[in-house]
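Note that the chains are named A, B, C and D in the order they appear, and that numbering of residues resets to 1 at the start of each chain.
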Amino acid sequence: MNRERILQHLDGKVPDGPNKVSWALNTIIAVSAVAISLETMQGLPHWAYEALRVFEFAILLIFLAEYLLRIYCAEKRLRYIFSAWGLIDLVSCLPGLVFFQPQWQVVRTFRLLRILRVLKLFRSSRALERFGEALHSVRSELLMFVFLAMIMLYVSSVGIFIFEHEAQPEIFSSIPSSFWWAIASFTTVGYGDMIPITFGGRVFTTFILFVGLGVVAVPAAIVTTALIDTDSRIKHRKDSDETSQQKSTKGETPK
Amino acid sequence: MNRERILQHLDGKVPDGPNKVSWALNTIIAVSAVAISLETMQGLPHWAYEALRVFEFAILLIFLAEYLLRIYCAEKRLRYIFSAWGLIDLVSCLPGLVFFQPQWQVVRTFRLLRILRVLKLFRSSRALERFGEALHSVRSELLMFVFLAMIMLYVSSVGIFIFEHEAQPEIFSSIPSSFWWAIASFTTVGYGDMIPITFGGRVFTTFILFVGLGVVAVPAAIVTTALIDTDSRIKHRKDSDETSQQKSTKGETPK
Amino acid sequence: MNRERILQHLDGKVPDGPNKVSWALNTIIAVSAVAISLETMQGLPHWAYEALRVFEFAILLIFLAEYLLRIYCAEKRLRYIFSAWGLIDLVSCLPGLVFFQPQWQVVRTFRLLRILRVLKLFRSSRALERFGEALHSVRSELLMFVFLAMIMLYVSSVGIFIFEHEAQPEIFSSIPSSFWWAIASFTTVGYGDMIPITFGGRVFTTFILFVGLGVVAVPAAIVTTALIDTDSRIKHRKDSDETSQQKSTKGETPK
Amino acid sequence: MNRERILQHLDGKVPDGPNKVSWALNTIIAVSAVAISLETMQGLPHWAYEALRVFEFAILLIFLAEYLLRIYCAEKRLRYIFSAWGLIDLVSCLPGLVFFQPQWQVVRTFRLLRILRVLKLFRSSRALERFGEALHSVRSELLMFVFLAMIMLYVSSVGIFIFEHEAQPEIFSSIPSSFWWAIASFTTVGYGDMIPITFGGRVFTTFILFVGLGVVAVPAAIVTTALIDTDSRIKHRKDSDETSQQKSTKGETPK
């Protein structure tokens, strides 16, 4: 089994036969993501934390082995080590290794860098690629409407600050905090922690919501449309590829 | 009246004449669903609970009769009994019969299994079939975007946990509980039980909401589009079927 | 000025010249709607309530005059009186007349029937007609998805009741009150008065929200699409009408 | 460097070479918008406020210089001074100049007029133009659905007032305050400050939300669609312009 073949197995791009190794690694990543979540819960029995630590240690060894194997197999080793995937592979095991001792458990935030592991899921999937392709195909429209949405949000923040600051100085305390209100309102999330109470503020909100929802919804609508379009374009491309392959195959058969 | 004909009446698939029996059964199911709801309300007068019990008993007898009739009429009896519809028919009357005695009223959750009755509504309707057909036609896109949405939600949960855990250790207590925040925010429901208060958490939320709404909205958009598409496709198919039938009928008339 | 011409003026359908009377009546209706709103506010100065009463009295006289004039002008008087528009015209002035005395101000709810006046705005507008046409063109799809959405909402209510009733017996007190939670969640309004807190309830919500948003959004999407479609169809029809009129006019000119 | 050329630089419409001046001015506007926001925050160290004041003073001088330069360069000076852009340029520096003394800091609201500066960002961008073009192309549909949405909102307000006023006289205190509930509910923001609690109120909300979401969503959907349409139309127009230019260039080459 030569180096190239090992890489094909790790990347889930085996031309013939199933991608067992890649599927196993992806499953480990997904389970590991759940394990990292559970670790932050309080009130679990002691043995559960112990089991999670042992599990984490096993995963670390697997990812370390994968990392070293990839370095060994890479055509240009330095290039791989400093590539995006190389760094993600390193971060996937390093923080765990360094801070594995219990006394280091306090450096929680740093250890959570391990979740960058989930990005490895994109290596054998085409999802991120499609997402990037979709964003790229609409980048100019997206930029323009993000710009328009930002101005709309800024003007809303200043407006609501003018109306509500005196009535609720604690809540609408500054323009940046009013911006948080604008975000929660225009995305229609509406957490309810900042609510206009003055007559002027409510009339202003009514007016600006009707105009603004149409504007702020556009970036999300563009991304959604682009994702669906890219998807059908890729599917169409694949179909025509297969058709042309079949044709050429048919063309060859009579010979 | 032979067995097959009885089944046609029960299933609402009588080729000639109205489906009176099936309509009556569906009405009973709908009324029964309302009755089960009312039963859980407190503060109703005593006679109301009595009336609901009597009504429930009557329904149980009807469904039991239907179940036995279906077993009697089925071509292959064992096959029906262990089919999905057979089990649903059994569950529709069994829990009620077993726990009908007042002293058993405490086993509420188990008795609520009776609501699986509403699934019987789908037997004579084509709604569930269309829904399944719609989901099937977009299964690969759906899977991919559910995968993308899940990663987005997971990364958001970890991110908000890092920013907010120290400021609100009671509320953002762990990554799984932060996941609940992510669900409520990205679906734009925004219950308001978990709200970022730190500056970093709010900037992170603003950023991730703008990118994420476009991603998380895609699965819902795909299901919506697929449902509408399937519907118009079915309608179109039916129209062309009728047209071809009319043609063939016309073609036969001159003979 | 004959009877038919008076009706044309009242209905805003004068074939030649502006519809001044109809515009004036519509403005009065809009102003009256605002006045009825203001009347319910507390803390206004005494003279404001007096002014509103006088204003209301003037409007009553105008609508009474319109009503009597319409009876006088109608071709078939009894038919008009018992038609939908006739009843709306009557309700627009009757409650005000009967309960105008201050001692009757307590019968507030009944007096609020006057807001049915706003329906008169639709008489000279085509908005309601288009809305009805839109709903009619998609009635079968709408019915089916409302049915699907209702089942989804009912199943969600029962599910969340099973998970949350024990933990929050005061809030998720019965299935009908859980239905209110389902409505607020699936429309993504998310008032925040009923929030799942158990682990099972949150997992159930996550799962059902992802599937359900796609289903519950469909009726609203259908109505929106139908409204936009009907609008463009009407516009197209009008364009082609004008084109054919112009053609026929041109065709006649050479004669 | 003649007057026209200076204006081209200020407006970011230099036919040859980069628009450095315009980009610098736009950057200053964006940074200034952030500075105005920060100024309203409390709890910053004293030197930060000092730095913001000095920064603001520098910006004022730049905008004053730009204003005077524009007056000097304008072909018809009075016309520029009283044009929309002229007034915006004046307001961008005047309130800052007049109330720069610390004792005037109290006139906060008036000073916030400076945020109208962000409108200057639209001078060299085509975003506002496109937005206007989009709104203009759908003005009649928009008007009709805003009218329909307004009636729907008004009827909802009166309805919920009738149901909830007695149960919650403090919260649903009048029809105008109920209108605020209608806005928050139909935009699906759902702040949670006003929530129906009576059975009638909840049934009414359920019913009206299902019908109303389809109606109230239409104006926002129209604006979104129009923005995307206008954008692709402009792009298409630009493409065909370039194509025709290339053609004419090609056509001239052989000569």
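Heads up, the rule we're going with is that contacts are C-beta pairs under 8 Å (C-beta built on N, C-alpha and C of every residue); 3 or more make two chains touch, one makes a residue touch a chain.
Since the structure is predicted, the reported quantities are computational estimates derived from the model, not experimental observations.
A.B. asks: Which of these, A-D, A-C or B-D, gives back the A-B interface, meaning over half of its contact pairs coincide by residue number?
C.D. replies: A-D
A.B. asks: If you list every residue number at the subunit B and subunit C contact, are more than half found on both copies (same) or fewer than half (different)?
C.D. replies: Result for this pair: different.
A.B. asks: Let me have the rounded angstrom distance from the C-alpha centre of subunit B over to the C-alpha centre of subunit C, please.
C.D. replies: Spacing between the chain centres: roughly 31 Å.
A.B. asks: Let me have the rounded angstrom distance from the C-alpha centre of subunit A over to the C-alpha centre of subunit C, please.
C.D. replies: Inter-chain centre distance comes to 43 Å.
A.B. asks: For subunit B, give me the residues that contact two or more of the other chains.
C.D. replies: Residue numbers touching two or more other chains: 176, 179, 188-190, 192, 221-222.
A.B. asks: Okay, in this complex, where on subunit D does subunit A touch?
C.D. replies: Touch list, subunit D to subunit A: 33, 36-38, 40-42, 109, 112, 115, 118, 121, 125, 127, 130-131, 146, 176, 179-180, 183-184, 187-193, 219-224, 227-228, 231.
A.B. asks: Please name which positions on subunit B make contact with subunit D in the complex.
C.D. replies: Residue list for subunit B touching subunit D: 188-190, 192.
A.B. asks: List the residues on subunit A that touch subunit D in their complex, please.
C.D. replies: It comes out as residues 141, 144-145, 147-148, 151, 154-155, 157-158, 161-162, 165, 173-177, 179, 185, 188-190, 192, 195, 199, 202, 205-206, 209-211, 213-215, 217-218, 221-222, 225.
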